[in-house]
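Notes for the one structure printed next.
We just call them A, B, C and D in the order they show up, numbering each chain from 1.
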Amino acid sequence: MGDEAKTLSVDEVAQHNTGESCWVTLYGTVYDVTGFLDEHPGGSRAILRLAGKDATEEFDPIHPPGTLDEEMVGVTKVGTIDTSAMPKHPSNSEERKKEIEESDRDPPLESLLNLDELEALATKKISKRAWSYYYSAGDDLWSKSFNNQVYRQILLRPRVFIDCTACDLSTTFLGNKVDLPIFISPAAMARLAHPDGEHGIAKAAAKFGAMQIISNNASMTPEQIVDNAAPGQVFGWQLYVQKDRSRSVAMLDRIHKLREHIKFICLTLDAPVPGKREHDEKMQFEGVFDVSVSGKGDSDKRPGGGGVGQQLFWGTAGDLTWKTTLQWLSKNTDLPIVLKGVQTHEDAYLAAQFAPQVQAVLLSNHGGRALDTAPPALHTLLEIRKYCPEVLNKIEVWVDGGIRRGTDVVKALCLGARGVGLGRAALFGLGAGGQAGVERTLEIAMTVLKAETETCVRLLGVESVHQLGPRFVNTSVVERDIYNGPSGLDIAGLWTGPTPKL
Amino acid sequence: MGDEAKTLSVDEVAQHNTGESCWVTLYGTVYDVTGFLDEHPGGSRAILRLAGKDATEEFDPIHPPGTLDEEMVGVTKVGTIDTSAMPKHPSNSEERKKEIEESDRDPPLESLLNLDELEALATKKISKRAWSYYYSAGDDLWSKSFNNQVYRQILLRPRVFIDCTACDLSTTFLGNKVDLPIFISPAAMARLAHPDGEHGIAKAAAKFGAMQIISNNASMTPEQIVDNAAPGQVFGWQLYVQKDRSRSVAMLDRIHKLREHIKFICLTLDAPVPGKREHDEKMQFEGVFDVSVSGKGDSDKRPGGGGVGQQLFWGTAGDLTWKTTLQWLSKNTDLPIVLKGVQTHEDAYLAAQFAPQVQAVLLSNHGGRALDTAPPALHTLLEIRKYCPEVLNKIEVWVDGGIRRGTDVVKALCLGARGVGLGRAALFGLGAGGQAGVERTLEIAMTVLKAETETCVRLLGVESVHQLGPRFVNTSVVERDIYNGPSGLDIAGLWTGPTPKL
Amino acid sequence: MGDEAKTLSVDEVAQHNTGESCWVTLYGTVYDVTGFLDEHPGGSRAILRLAGKDATEEFDPIHPPGTLDEEMVGVTKVGTIDTSAMPKHPSNSEERKKEIEESDRDPPLESLLNLDELEALATKKISKRAWSYYYSAGDDLWSKSFNNQVYRQILLRPRVFIDCTACDLSTTFLGNKVDLPIFISPAAMARLAHPDGEHGIAKAAAKFGAMQIISNNASMTPEQIVDNAAPGQVFGWQLYVQKDRSRSVAMLDRIHKLREHIKFICLTLDAPVPGKREHDEKMQFEGVFDVSVSGKGDSDKRPGGGGVGQQLFWGTAGDLTWKTTLQWLSKNTDLPIVLKGVQTHEDAYLAAQFAPQVQAVLLSNHGGRALDTAPPALHTLLEIRKYCPEVLNKIEVWVDGGIRRGTDVVKALCLGARGVGLGRAALFGLGAGGQAGVERTLEIAMTVLKAETETCVRLLGVESVHQLGPRFVNTSVVERDIYNGPSGLDIAGLWTGPTPKL
Amino acid sequence: MGDEAKTLSVDEVAQHNTGESCWVTLYGTVYDVTGFLDEHPGGSRAILRLAGKDATEEFDPIHPPGTLDEEMVGVTKVGTIDTSAMPKHPSNSEERKKEIEESDRDPPLESLLNLDELEALATKKISKRAWSYYYSAGDDLWSKSFNNQVYRQILLRPRVFIDCTACDLSTTFLGNKVDLPIFISPAAMARLAHPDGEHGIAKAAAKFGAMQIISNNASMTPEQIVDNAAPGQVFGWQLYVQKDRSRSVAMLDRIHKLREHIKFICLTLDAPVPGKREHDEKMQFEGVFDVSVSGKGDSDKRPGGGGVGQQLFWGTAGDLTWKTTLQWLSKNTDLPIVLKGVQTHEDAYLAAQFAPQVQAVLLSNHGGRALDTAPPALHTLLEIRKYCPEVLNKIEVWVDGGIRRGTDVVKALCLGARGVGLGRAALFGLGAGGQAGVERTLEIAMTVLKAETETCVRLLGVESVHQLGPRFVNTSVVERDIYNGPSGLDIAGLWTGPTPKL
């Protein structure tokens, strides 16, 4: 990209609004993105809608700082915009913050009794675009809804006549002390919901002694998110390996400098290619037909195309393997590795072979966002109990997806999960915020869930989450539905080598 | 508390309406409750709404006589209110009674054909607050609705060509003769539904020769309830052990004096801490925002908080154990003990080890009000049949929760239950009353259910409830859903001692 | 009853409109029924509504000719009404017939494609009272709807590459040739739906060579129904044994005179006491509150009370037994006996011990009208296949309840049923009639069902219903739900004698 | 038929509008069809509606060219119509094409994200008659909806950490290379949806390298459909054997001449008689009552009668058998045979005995159109895996019915299906076309489904469809529902001969 600082008028920029010459303004700088149109994940449509205009407001909440210069191929810097004649853009997010606050005639946050009510409020408050991205899941949302339903299929078995005055939810993740077995799963684009973004989440997590895994697609940099963390506050960092491995290595180096708080790398495996999230993709067609699209039309005629979710995948590698990727990663980090997205007992078993570098798996179907009709984490957990229970002793097993109630948390723990992640629920908690700020609302969500969890632990008749076990749950209904075929562990060729060494 | 009888004007009292100085009037006496605000179960909100006002109408139906002087810490008597300038309060309940009656344009009670129709009518007639308390159950009301649904999953097996002219529903509970296998489960706060309260229930029960278990949280004293009971009328008394054991002992002493009618102590185990009943808790926010809340705001910001259900738990002990509590109780009463709230076959088995002092268990998930997704009583009953059927010979097994039809009653009896308790259904029967008075309406409920039960017994082809047995029910659907894991009876450490002695 | 023929004016009769003196006019005769009020099944309410009035229109369609003189106790004939001053009553039914026809703006009957559409049309056309009686079933209508649903749970297994040009539905019932395996189950009160009543059904059955079982509670006499039957047309007669056995014997003697067509006695066992049919019972309260009810109020205050269904049970014996009743019946008839209402394999097994006098059982839960959550006939049929398949060789097994489609008929036959009865469907077919007359509409119903059955038989790849068998149906879903407990056949005391002799 | 070319006026023809003399005009020729009225499948009604009128518009889209002269008995050519005085008819279809296009204010096709959205759009656009024919299925549409639901009952088992950059969907059918495992099932009457008809489908299939099976009831001739096919484009031809076998032989001869593209004969077995498709049949009654119907009324009084589906069966043989028909067919064609409509493992097993002439079976319940509650193809596939897995090695097994998503395609392949057919979905894709033309819309459908399939294959962690297998699917829920009775393979008499020879 060039270096010139030519000042351009708004009118001048506005004329470059076609596929032949497409300029956009971002943070006061004007870029010629004509050559990038066909490169953009999700098609040229998303850009052409903003051709000749200031795209900052749309670009900002879904791209972390620094995205622009490093990643865009086919982009040329043209100059800077003459801001005097331009309506102020909300680059510092303050205005959007105020807007959210002013429209605020909502029920008092303390009257919200559960996560469903928080989601209902957030749905009213956040933009349709943010809602579409958060709400969306694969195909028919079957897995998304089954993720939660499967918890309803499990009955609790409360024991009585046991002293339940004490109740201890504290535990450890990979040896790091936390106050709660509930953590924040990596969920992208928090600033779509609220300008406080992932840093707001971090501040709330600090209050609860809760662990947070920072999304690879966070809308803030890891340094910003971890800034001012509480002593002993625990983070993980989610890695989507990039096609250009050197970019991932560079990122790991940045993470290593934050090792006081970031304690592990959470390598994401469950979405080597993006799933099909129709609610999200539909948003591409909102307003698109007002735009004069010329020349580039052809490549745009493919059906569907890129919602926010699709665009985030740009540059992500699809060629990861047990043999090569873990070896590469172990060379580039000495932090423990957590594998996210395991959905079969076979892969949980394989992961355990890579201990001690791999220290945990996060059973996840990506919130139902990757492959519809993929199994909920609880199915995988029950599969592990059935086919290879030794995995639970070798590594930690975490789960996410579908958590709405404290009883859900406890059920997962009873079945051997070390911890339970909140994804979508945290974002909706965020979005319900408004005037009170994101810390306050996520705090509500965490308070509610923590209280529900404590009540459940007490009513089961134990004093600590470490006393929970399978005899506290009736899983008959779920167990007859889990995979019942031959275990892949016995299938030659699945994993043929000796116990893997890194 | 002081003794002075200073007379205070309504205006004077009205000025003490903040967290800094909070007075309320109850039954004509003015109390300074500022020091009690942070003690009140459910937060200060419930009191501050009534600061400076006469709180009798709200206080009365949910606190039995005598609550005030003994229990409140941080309360000072200030004086008596100048009643001449004050609108009459309904302390004798007569006005509320009339109000209910006057608004009466309902269908004739004898046209109500089943318990659902009675509930529908009661829902229209009782206050939103009473409805919220009765209707509410834990979390998502899953257990509450499953309690009933599980009866629909069982098919009956009617035998034919058997003389069914005779039909005898009479049975005994702990040796006490009753005319019906249906009893009134302990359900709190009957006066919320109707001023006749628990005494009204007692009068109706007398007509049917039905047993009634008096709630520990009854809105009338046991003496009031048992007053004028019919000869041979059978009651039990429900005990929530208090943190301050001496208060429980004192209460037991009062009960012992009523032993002509109160035949056993029903020790409640299924709710050592309150469940989360959102319908009930929501009521705390009705109207609260008109009140100027100052100073004490912080402690009030916790989400949710106390509905009627939460407040009833105040002072209840959470440290009961098999070893200590039964020993303590056996020292303080010679009445037989019934353990209420057993939800696993393991606890039923343990209870049977304590025979003969423990003479029955009441399988109950507290009407779904304690822990959502707790098993319905019928699951526990089938568990007992599967893992430790000898329990049914050692002690009586009673069930409650979800009964709507005579066929439900019969199904429970077929599976070994000695009796079946009505909780919520009785309260709604109460609330549907209106002009006809509570006796009449509960009578309708009992008549309907008794007639349905008789029809069912006849159509199965037996003459007496004692001839019912498992061959009259097809439980295939339910049986495949009950707990199928290892029995806790075999797990070392669950109960390691010799057969317990008290 | 008296004999006098005193002529009474309408005004004079109208004054006897209270519980103290209650007269009603029936077919031109005035009766004093004061003494009968407390005897009437369903309470005095049903009569008091009509006190002082002409009750013929209400009485006629639900009482067969001859009911009045023989059965009513506490009834005195007062005189005859002065018809000159009276509005014509519809005793000959012609007017009601015309009324039905005139209101006729319905879709052409030949556009009705299935039984559901016929029911929908009938629901519009027949009186609310008739609809309530036909539609009603026990309690929550669970068995009624499950009766049909269970057929949907069975999959067919069509075989291919088989010549299906021939298709023969003809079969025999107890050796009597019929053209269809579908028969008309005994269903009471056909004249409620249409003045042509059971005789109309008989004429339609003749066209299809279908068997008809005449209800004990038919609204016409057996002689009227069988009148002009086609050569070889087959009927059965349903017997509800009366408390006064001599009345049943007298009736059997009348039936024996019709033995050219009535080929067996269908003894009904599934309803020794009436079930609770709330839709039907509700009708008692329609308009009742306009009537001045005095004196007799008390006995009327019982909830619910008698719909049409309840009233029909008046006089029916509840003391039938395997030992005594079959012996009594075999002494009083030489016709073969069919036992209707068998709902367990145990009773089917017992019935088979009484062959050859007992030649068939009709598996039936009375259309779900007797005991709600009683098993559908198909459950009983599968139970028989599992526990005592030899029954299918010893006697014929018929089923009814829930048939809506030809595939339902075929599924029952595949599982061993000899024939399949239509009850409610036939009555609704009747009610849809209107202008075209009852023959025509029932004909539509039969045509539709026959055509569906033929199509199904052909598509399964067989030529005759006698080639159907269990390998043509997948019953996995139903089989896991049927009774799985110990068979009552092994339980001592169930049937202890030697093979029974009559 | 006669030869005269007498010119008739519109008025003259219009007078022959009764059952006594019924003329219709088709493609400018006037026919006397009085003698054909009682021959017409579906009754005379369908013709009488058009008596005296030009019937071309109704006749054309459901009868392929050439139908008229050869097949109609009782038809006499009367003359030609005087077209000068006649409104132009749309024989060349151009007008209807324009109409469809002009009414076009639909969402852009590229915004349609899945097959459901295409169906929703098509439902709006195509005629009620076409919709009724396409949408209709047997009886209550149970099988039709279960066909899809059964795919939802299967969970996927995605494997992680596997390189999924490559993704190959190409496969072979009977040795013929295709780019997709998805083919177009034979579905009749494509011109009802769009004038481009089956030829439009062929052009779209070419773009995707997809196989197409031409319906025996196509609305175009095979020659028209195959015209201008791409090199290597693969077709099959569906055969409904005619009663008059010589007509089928003549048709086979025509097919043999197209053997460059038509590679096999798909003999249809699942509909030897038509099912009952009520949506379709209802259309017969639209407008019929405006017509004066005289004389022929009687035969028309049968309920229901012929929709489009019924009419298509006219002339089809119902006497096919394993022994005779395959022998006859093998004498008349040397093309490989595919048997369509197999619904049991027994018939799949028998089919495999006839290899190598029979080279594949297409498991199909005719889209739920033949016998309602017939099993979905996936049940049959699982039956084969359970009872006779060797079939999968001897012949290819294809499936159709219920496919809506790429995950459905992949699930079928995992369980051993070689390919998956689209029927109704293709037609609805067709009907959504409008302005863009049929190629474009079917292209959208195929693009969407192909992309979904690729995403699924990648997320399961395989590179080619040939690597899919049962360990990628959890079929626990479905497997407990499939046929569990004795296999017909063991039943004597089912197939008694030696391994069949043709």
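Definition applied: a residue touches a chain if its C-beta (ideal position, glycine included) is under 8 Å from a C-beta of that chain, and two chains touch if they have at least 3 such contacts.
Everything quoted here is computed from the prediction, not taken from an experiment.
Engineer: Provide the labels of all chains in contact with subunit C and in contact with subunit D.
Structural biologist: Output, common partners of subunit C and subunit D: nil, no chain qualifies.
Engineer: Among the chains here, which has the CA centroid at the largest distance from subunit A's centroid?
Structural biologist: C
Engineer: In terms of residue numbering, is the interface formed by subunit A and subunit D classified as same (over half shared) or different (under half shared)?
Structural biologist: Different: when the shared numbers are divided by all numbers used, the fraction is under half.
Engineer: Using only Cα atoms, superpose subunit A on subunit B and state the rotation angle in degrees, rounded to the nearest 5.
Structural biologist: 90
Engineer: Provide the C-alpha centroid distance between subunit A and subunit D, rounded to the nearest whole angstrom.
Structural biologist: So the centre of subunit A lies 45 Å away from the centre of subunit D.
Engineer: Which whole number of Å gives the spacing of the CA centres of subunit B and subunit D?
Structural biologist: Distance between chain centres, rounded to whole Å: 64 Å.
Engineer: Give me the residues of subunit D that touch two or more other chains.
Structural biologist: 480
Engineer: Along subunit A, where are the residues that touch subunit D in the complex?
Structural biologist: 139-140, 142, 269-276, 278, 281-282, 285, 289, 300-305, 318-322, 325, 339, 341-344, 346-347, 350, 365, 370-375, 379, 480-486, 488, 491
Engineer: Once bound in the complex, which stretches of subunit B touch subunit C?
Structural biologist: 107-114, 152, 154-165, 405, 407, 444, 447-448, 451-452, 455-456, 458-460, 470-471, 474-477, 479-480
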